[in-house]
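Common to both upcoming complexes is subunit A, partnered first by subunit B, then by subunit C.
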Partner chain A sequence: MNPALRISNNWMAFFAIAALFLTARLFGAEHTDSHPVANAVEHAGHGHDHGSAAESVSQFSLKQIAHSYLTAYMFTLSLCVGCLFLSLAHHLFDAGWSASIRRVTDTISSLLFPWMTFLVFPIIGFAWHGDLYGWFYTDPASDHSLDVKKVLFNRETFSVLLPGVIALLGLVGGTLRKWSVAQDKDGAAHWTSKSRKLAAGGIFLFAFGTTLVCFFLMKSLQHQFFSTMYGVYYFAGSVWVTLITLYILTMYLSQPGKPLEKVYFKRQQQDLAVLFFAFTVFYAYIHFSQYFLIWNAALPEETFWYVLREVGSWKWVGMTIIFGHFFVPFLLLLNQDIKRNMAVMVPVAVWAWLMHYLDMTYNVMPVLHPAGLKLTFWDPLLWIAMVSILGALFRRKYQTAAPYPLRDPRLNEAVTHHEVPTSAARSASASTH
Partner chain B sequence: MSALSLKTYGMLAEFGTPADIFEAAMRCRDAGFSKWDVYTPFPIHGMDEAMGLRKSPVGWFTFCGGFTGFFSGMTMIWYMNGFDYPLVVGGKPLFTPLYAFPVSYELTILLSAFGTLFGMFFLNRLPKFYNPLFKNLRFRKATDDRYFIVIESADPKFSVEATRAFLTDSCHATAVELVED
Partner chain C sequence: MASSSASQPSRHPTSKGVVGSQSTPTPTLKVANAPRELEREPLVLNNRSIGWITNAIAGVCENPMPMWWWPAFILSFGGMMTMFSLIAYLVSTGVGVWGLNQPAAWAWDITNFVFWIGIGHAGTLISAVLFLLRQKWRTSVNRAAEAMTIFAVACAGIFPVFHTGRVWFALLPGYLIPFPNANEIWPQFRSPLLWDVFAVSTYGTVSLLFWYVGLIPDLATLRDRAKGFMRRFFYGLFSLGWTGSNRHWSNYEKAYLLLAGLSTPLVLSVHSIVSFDFAVSVVPGWHTTIFPPYFVAGAIFSGFGMVLTLLIPLRSLFKLHDIITLRHVELMCKVLLATGSIVGYAYGMEFFIAWYGGSPYELYAFKNRAFGPYWWSYWAMISCNVISPHFFWFKKLRVSVVFVWIVSIFVNIGMWFERFVIIVTSLHRDYLPSSWGYFTPTWVDVMTFAGSFGLFMTLFLLFIRFLPVIAISEVKGVTPQADPHHPLGGAKEHH
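Let's look at the complex of A and B:
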């Protein structure tokens, strides 16, 4: 396929989605209230009457599309920030084993700018239209919890800071990639030390930026909520789903005849699985801590968030997350041989994607459907569309440079990482002694 | 005292490089020895496979320890707070896995660690205060710059002459000597 055609395919996908929005807008003509989300949130905040108006949301309404789009966006963003974290961690720890997959993580994280920044604008549009965030058209003077948070939660800050921060994160990812590609040409070591310095600052930017983005996009759906764990919670889930995605992606890319065949081996794959296992535990630890602290303190301005999520089938969604996001993968992956067993790991990857999507749904959707989980065709459609767009963009960008950092000083270490030396490597090491 | 009246511990073979001992370990594995070991100043990656070692069963001790820890934590808190001496704290239920979780989780970690440590001791038959190799002067280099294979005389395939020949000729050891018990 020629590149021009490939580009036009991506744009086709954009136009297809734009057309769907338009169709929905026409069908959703009965939509009159300009800021109805506020009702559901405020009622939930007071712990009674979960907004009868919100329960009868038409599946063609802009509100439904906005929430489905937000869920899909949060899922896709997870993959990008997860990859950015892994690239930053690689440089910070001066890691060896991950050098061969760094071009993959660099490429995915560089999609934050401009693509993920571009894709956040519909959310800003929905917000201004009154389809997403109750606080957008609430007077801070009438709402104490908004009044104390109005420094962040005001329309102008939201509209400027949100895309700004996503773009900034993307620039960090893009710069790391650019320097690594530059090193392919001249092999100079200073690119590596420069990247490490950038990563040292970048990790702070990442921590604050990711937290800010998920506060803006997801937590502010119920602006009354307090949780200092929320940013870490999103980060833990994001890296979790990213690791298993990379596991499958790099397994594919290292098949015979594929670009990573000579630099990526079972041991590195196992390392990804081990990290995935670690983040299974870390995610559970963080999410449990958030719940436990709120449960223990029992303050209404915090508990309402979980009270809403124990109504109707949301309770069972929560249970599914506890068991499906933690216990099942945890017990399954305890055995080290399982981590190399494709017959188990491929279904685990599919399962992890479903679990992370369900987790995002659990965060976003109870605001719109307080009575219980309600999936519409928008959810799978927008999810698949956005992941496909990201996948196509990754595929195109990945092909514009070498598939792995060709002259990275750590590449040799990655290639010989814990592997049984081949006869050639053994005789080479023998001759140097 | 004649050499024959002495009990032998095994045959010690010295190597100069990790590559040589790696090759030799694979030969010992293929020759079918069962009571033998490799001693190196630092870990050599891939040596497990070269020696044909099975996966360590120590994980099962860890798992049993963790399992015991988790359920004893839950049971203890249920028994103390919900059954033996029911006590309402902060308006919370008398027992729920929720507040029992942190303690159970800590006990899981503690008993997993005990399981790992003591399981490893048990499997390695530790503590062991004496090993005939400690007396051997040449063996002291195992903590410096030499690499050793010791085939024990308890091995059913062991014979003084054949094993010496095997280590010298097939494995290309730089030195081979008999270790007394």
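Let's look at the complex of A and C:
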């Protein structure tokens, strides 16, 4: 057996035991609806009439479905905005190595419009029905934190701006894809130039749009909470999960007989894994910075958000995120060989999906279940359904055009990317002269 | 244009005939080169030979310095001596010679500290992060940027040490450096200022080590070319017996890679900890969670600004246009644009959350920044940091070296103002209106800061005089000749 694989198997066994332990803690925790800290948090920070979290929520209630739906939506939205970022970055940095997988990112990001835009309407519906956001039916005059931002945080603005921004992001992704497909036919350079110009404006729309969307959808579940880092936090997690998803997807698509077979190689696979590793660290850095600065200042108007997430089994969810979102992939991917070892990377991908879903749950669900994590059958059902819908839409759209940008000016670099001389060859060359 | 004799899976009709037969796979696809207007320029222009590269770079420190070097050195040296004189004046008289006072007890000195530390960021970013990301263009600029990093860290260290006034206490064991002592006096471990001591000293040490390791092959080149005894002795001493053997290169590459891996977290950690100096305080305008990445982006922004400020004249004065090409300038402009945009996002997000959060103190602090007594510094910061990099969306401006140089100066100015805005505007009006004040620097403040540029430039000019300003061996590695697949692979003379 490959020694690297043997080591990684030991690691996997260790993490599996750790995961079992954490799972036992997560689900073994006492679920009490009258938890004193939870109630204190509820009254101090949450303070709205609708959806009082302290009351027992039936798993068949609309509130439960709404929150499960929102969690699943945020997960799938992560994949779409993550792909949009990678497409924009490709054009802005004039990247070469990623040209052969850009059709995949273009296609996934183009699903933001109309599909992800369409899928956000149930969330707006739940909000209007009073199942999600407390501030929807709170009188701003009775709530200072809402009153100051009522220009933005009102039902009408939310209902128009939210789908509008997601649609705009989707239009940027869709247009990039459309121009790339057009370039397949004539190979003209102007399509690349136009794409770069669109990416220049698109990156600003992406930055501010993604921030606004995650503020509206997730942060406003507790509208009193504020953190300048929150948009970056969602961005970091989204790109993280997108990279590992792309890793698996492009590996599948480059198998013998699959469409990327001749244009996607180990070196690009390694690059994706390296980026995944970088974002593992970046996410941890971002989340640590946010937590540390809020903990250190100990201001009640900020700490209530984390205090709620330290109640009951939420504390263990937080611990799982610390270890699972950071330490597990970090320690595993330190080894260069593992980055190309599918026996490890496939479980890492599954793990990363679980961790990102747990991260979204950690953001959404404590509002509904302040006493601790409480999974219902809606959670996996809606998650799988949403991802399946996205997967089916991707598959259908991906097959309507060439599997990679056939005449992209950087495709040549992508297909010869693996031929770059090794460091040993460079050393030998330099020492000769 | 893509071309292949093979067939395409039927479910991708538009790529028919492109991908290749599944039954007879070929190792790679033959794809046409990029259209002419999108072709990448080579990293070394005019197909220069490796011999020419050695001569051009080593010649800078081997030949007599040009005429401009001496007045530049004398001016810089004078500035440096002015700074040391003023520090002596400060130590002998007391910190009262500086303008900091309540409520702005941190002002000019910490602004200068953060400014110089920020400038010191580009070197390690170019050396470590861009190396790990296999960005080959770094090879023409990394050496000068690394040197700049070390000199900037030296300048930065002066301000926090001397702002204590009785500097001998600051340097004594127990105050800044934890050391068992009879009085049982220990530093405050919970203070980010102490973390700064560790972070900056670690950063300085690793940067110096990284710089030195990278220099070893080039020092050996200089040793082998040296004519005088002194040069041969010192270059020989510091090149550690380098012979260019396979084992030496192998060890060198491993050490360089490991140091790059070690340095990369430092790029993030140093300025994150500098940001904690402010962010851990519950002071409006300082306590904001985005500070760590925002400070890191700002540091990279200012570091690249200074790299451009130094390298644009350098390439002209030493005729290094074929090695530090317009492509390098353009790429650095893009880094400025990216980091400037991140900084702009952070400025916007700070303002937005000040409004969104509903804290009247926070909102006041930001309104006061933009429209209070220091409005001029805020708008100088916005103009230089948010507006000026956006000229670089246009290629014509990115390749205009004079324009780029002017903008890089604006970036330097803007980043100094950023630190001034953060520090002074948050402090000069605190919670009690009765204790509000207006900070004005004294002539000693101003001249000490100006003198720190003298120190920086003196060290940089000495670096030009004695060491290769560009990594000779690394540049050779990115020439077409170094690529065994290239038609010129192995060729030695192509002028």
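What we mean here is this: the second predicted complex is superposed on the first by the 365 of 433 C-alpha atoms of A that agree within 3 Å, B and C clash if a C-alpha of one lies under 4 Å from a C-alpha of the other, contacts with A are read in each partner's own complex, and residues count from 1 in each chain.
Heads up, the rule we're going with is that a residue touches a chain if its C-beta (ideal position, glycine included) is under 8 Å from a C-beta of that chain, and two chains touch if they have at least 3 such contacts.
All of these numbers come straight from a predicted model, not from anything done at the bench.
Set against each other, subunit B and subunit C differ in how many residues of subunit A they touch, and the higher count belongs to C. Looking at the shared chain after the overlay, A:Met386 reaches neither subunit B nor subunit C. In the superposed model, A:Asp337 makes contact with subunit B only, not with subunit C. Contact with neither subunit B nor subunit C is seen for A:Leu171 once the two complexes are overlaid on the shared chain. Contacts of A:Asn296 after superposition: both subunit B and subunit C are touched.
Residue contacts after overlaying the shared chain place A:Glu261 against subunit C, while subunit B stays out of touching range.
According to the touch criterion, the shared surface of subunit A, contacted by subunit B in one complex and subunit C in the other, consists of residues 296, 419-421, 426-427, 429-430, 433. Contacts from subunit B toward subunit A in the complex involve residues 16-20, 22-23, 45-46, 49-50, 55, 59, 63, 90-92, 98-99, 101-102. Residues of subunit C that touch subunit A in their complex: 1-2, 4, 8-9, 11-12, 14-15, 18-20, 22, 25-26, 28-29, 31-35, 37-38, 50-51, 132, 217, 244-246, 248-250, 252-253, 265, 268, 272, 276, 279-280, 282, 287-293, 334, 338, 341, 345-346, 348-350, 352-353, 355-359, 393, 473, 476-477, 481-485, 492. Partner subunit C is touched in their complex by these residues of subunit A: 92-93, 144-145, 147-149, 152, 181, 184-185, 187-189, 192, 200, 203-204, 207-208, 211, 226-232, 256-259, 261-263, 274, 281, 285-286, 289-290, 293-294, 296-297, 299, 301, 399, 401-404, 406-407, 409-412, 415-416, 419-421, 423-431, 433.
On the side of subunit A, the complex with subunit B involves touching residues 288, 291-292, 295-296, 298, 334-337, 418-421, 426-427, 429-430, 433.
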